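Before anything else, here is the set of structures, which you'll find just below.
Each of the next two complexes has chain A plus one more chain, namely chain B in the first and chain C in the second.
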Partner chain A sequence: MPLHLDATLVPTRRRALKLAGLATLAAVLAPRMALATEAQVADEIKKLFSGKAMGEGKIKLDLPEIAENGLVVPINLDVESPMTEADFVKSVHVFADGNPLPQVLTYRFTPESGKASASARMRLAQTQNVIAVAEMSNGQLYSAKAQVKVTIGGCGG
Partner chain B sequence: MISRRDFLSAGTALAGLLAASGTGLAQAVGGQSLTQADLLKFGKSGTFTLLHVTDIHAQLVPLYFREPSTNLGVGDARGVPPHLTDVAFLNYFGLKPGTRDAYSLTSEDFTQLARTYGRMGGVDRIAALVKAIRAERGADKVLLLDGGDGLQGSWSSLKTQGEDMVKVFTALGLDAMVGHWEFTYGADRVTEIKEKAPFAFLAQNVRSTEWQEPVFDAAKTFEKGGAKIAVIGQAFPRTPIANPRWMIPDWEFGIREEEMQKQVDAARAGGADAVVVLSHNGFDVDRKMASRVSGIDVILTAHTHDAMPRVVEVGKTLLVATGSHGKFLSRLDLDVKDRKVTGYRFQLIPVFSDVIAPDPDMAKLVADIRAPYAKDLARELGRADSLLYRRGNFNGTFDDMICDAIMKERDAEIALSPGFRWGGTLLPGDPITFDAVANATAITYPACYRTTMTGKQLKEVLEDVADNIFHPDPYFQGGGDMVRVGGVGYAIDVSQGAGQRISDLTLLKTGKPLEADKTYTVAGWASIAQNVEGPPVWELVERYVTDAKTVKIAPNASVKVTGA
Partner chain C sequence: MAIKSQPRVRVPAQAKAGEIIEIKTLISHEMESGQRKDAAGKTVPRDIINTFQAAFNGKPFFTAEWFPSISANPYQSFFFRAKESGEFTFTWKDDAGAEQKASAKLTVA
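Coming up: the complex of A and B.
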């Protein structure tokens, strides 16, 4: 399995400082997926979460429509939650369905995180969808998807 | 139309200027006569006056600029302004063929109408109009804004790194500008301009990569006619993709719609009576942004070089399209009552160079700026034997000439030339001067490379560029027109998705299909990669035209378009 496109976590320095109190960052690469097509990745995501229904909304996924540098594409995500003992975001998983290693990273949160938000940079070799799945403390799942275009560019205008 | 006698009476200095620039005096045609006063006629003036120029591309002197005959819109932009050309454009706006409007706004009968109505633009003419409007309204009621791509596009701008146009904008009394091609002078130079120029360089959507901090002031508030006007800058969001990122390695761009909303909200909270976005997004991106960001009164659009005689309303937001190359000056008067915009009048003022008496101070500045390069600029390389123009989604005859030059001078089977929207037009019989060549090629990364590509690779390049123009969602578009291809024909279905638009690639020389696995020699210029080797493209074009003496380009039928 080609590993050259695995998670590249490059939080900006200031953000990293801010994040330290908010989230435990963990680039979790297992269970690994090594897949080719969008549909296969969608299937694998379903399996990973035992086919449970996923709601929409809640996750704000901020990605550029077109990557300026495919090597370090910024991702900012924010999940709506009171982040109390009774109701908080447990984790957020990020997938890139065109990467040889689609499962890019996982963030784990606790109520002490205060806010379920995080930023990172990842490598995207080609145009693809980035999918975030949030797991709530009550077991509910939410997902969000955004396409990022990776282009050879040029042609000025 | 001002008569020849009136012009001469304006003084010998002026007559000399006109003779020097080769401007013939147009005569009144078909009973249509026009004076400078006619151009400046305006309805009821508003609380304040917004003046907008954009995409001047450092064109100091009047020129011909043919609008595109092909300008396709996709998705929601299909078949709606500005994606109308020629008769469809005239019909939509209720204009007649053969008129000045038809000449300035479309490509219909271009050569004939150009000979009748003359060159357009020239910063001395723009200065005359701006001064007249300031005199009429009072300078305290007029805000003058530039939408970007002002500092690049000519030999003097390249040689001075945009300083020529900084001087011009300073003399014009510009209040603020935004950027796109300006960034191709590199981060240091742009920073210097931002810090030294007497006008504001605004951009809410540029951040330092490391700290995600704003690189430029996002907005500036002006007080005009007693109203507080917040101007928010929006740089071309795809600059690091469409142009060399290595020249601005520490800056990130993007549309940053949410940040735009925050800027608008902050402007309102700060007491702004009117919120104006000075944008270089391109028209379709602005149209979408206007539908998603609330509270913007006016978006002054740019980048896509569209000129429209009326504003486009999206909800409560007015979109202004001022064209390019100094052909037009937009005047928008806004009424402000109870801290709100309550009405507007708009005039797209065509800068007919033969009708406007140049501002003498600006004319002198232009002469001073061009003097050090006079010999180069005037050098006649050959003659145009057919209309040479650039604009159009797929090709232009000026680009065909560049592609021919590249193939010949670099001994390549295939030439690639970027789909830039800027560069003047030459009429049949016009001299092809070095000035004219530079007007279409003067960039900071001009190296003409020579390489090999397989048929498959070439198709991928074309698909990639096509998606940057014809993606149905404008937020996924970027850059200019389609890359120009010399030596190869192809078919394109603009209604298809990414990777599915291009077919029937044919090597024109043999008439045979391009083979996916076969290798071809390809030469091109304006690569966004670093350390590209090769001579500057203007040298190749100069050699080619000098050898050819006359350049005649047959209509290009090598791109077959469907799905429009």
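Coming up: the complex of A and C.
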């Protein structure tokens, strides 16, 4: 359902519908359905971290199971770490593997952060996985993944 | 174009030494993703705030890099370990290089 996917990225959809009509709008939007696929994103993440092994655990990724509005999906992450000069979380990267542009955000922490935890709000174009990769000060990588079901305009997802 | 919106920041005014405090920030911004097309079918150019940084007494301790998947009016919360009294500076930077700043004082008892 290409129209529904796009609607999340087009806040002025209602206005556009009036102007263009449903059929023309669908025709205009259809060619740019360049959503990333799961495999592509997994590949890209691997490349980004030069294929290094990633551990499980350490990251608590807090996301709604079902997001009614794909435009504003709260994300809260918490990485287990003492956050001392000797051992802290350097960075956390978040990806959404079904968005046109899968990169969501990157956090850079320091020992002064006290806690490697942060919350933000993101856009999700469709039901998909959200992936977080944390890099520790000793270079170790950890990853976590969670699926979010995106419902738009109450038409099911 | 400068970022016109006045950011909102919530920081506790006082903290005990060693206490980890939560800081919440919010700024109004379209966060135009560059993926959208207008009624005429032309792509609306990307215009987002791509960097947020928090510093204490001039020393940055938290940076967030934002991509177009971040929602409009970006909210960001994060933590800080209080050690001494001082001042926070928060900086938002957009694609055009324009900046918006906010500050807040912290008293450590």
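FYI, the second predicted complex is superposed on the first by the 116 of 157 C-alpha atoms of A that agree within 3 Å, B and C clash if a C-alpha of one lies under 4 Å from a C-alpha of the other, contacts with A are read in each partner's own complex, and residues count from 1 in each chain.
Just so it is clear, a contact is a pair of C-beta atoms (placed from the backbone, for glycine too) under 8 Å apart; a residue touches a chain by one contact, two chains touch by 3 or more.
Model, not experiment: these values are computed from the prediction.
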Message = As a test of reading the superposition: which chain, chain B or chain C, is in touch with more residues of chain A?
response = C
Message = Just to be sure I read the superposition right, which of the two partners does A:Ile152 touch: chain B = first, chain C = second, or both, or neither?
response = first
Ask   = Is A:Met83 in contact with chain B, with chain C, with both, or with neither (first, second, both, neither)?
value = second
Partner chain in contact with A:Thr127 - chain B first, chain C second, else both or neither = first
Ask   = Does chain B (first) or chain C (second) touch A:Glu65, or do both, or does neither?
value = first
Inquiry  = Looking at A:Gly114, would you say it contacts chain B, chain C, both, or neither? Reply first, second, both or neither.
reply    = second
Message = Touch test for A:Leu105: chain B only (first), chain C only (second), both, or neither?
response = second
Ask   = Of the two partner chains, chain B (first) and chain C (second), which one does A:Lys52 touch, if any: first, second, both, or neither?
value = neither
Query = Intersection of chain A residues contacting chain B with those contacting chain C?
reply = 12, 15
Ask   = Can you name the residues of chain A that touch chain B in the complex?
value = 12-15, 62, 64-69, 74, 127, 147, 149, 151-157
Task = State the interface residues of chain B toward chain A in the complex, per the touch definition above.
result = 180-181, 209-212, 236, 238, 240-243, 245, 252-255, 258, 282, 303-304, 418-421, 443, 461, 464-465, 467-468, 471, 473, 475-476, 478-483, 498, 526-528
Ask   = Can you name the residues of chain A that touch chain C in the complex?
value = 9-12, 15-16, 19-20, 28-29, 32, 71-73, 83, 96, 99-115, 117-124
Inquiry  = Quick check: in the complex, which residue numbers of chain C touch chain A?
reply    = 20-21, 33, 35-39, 41, 56, 59-72, 74-81
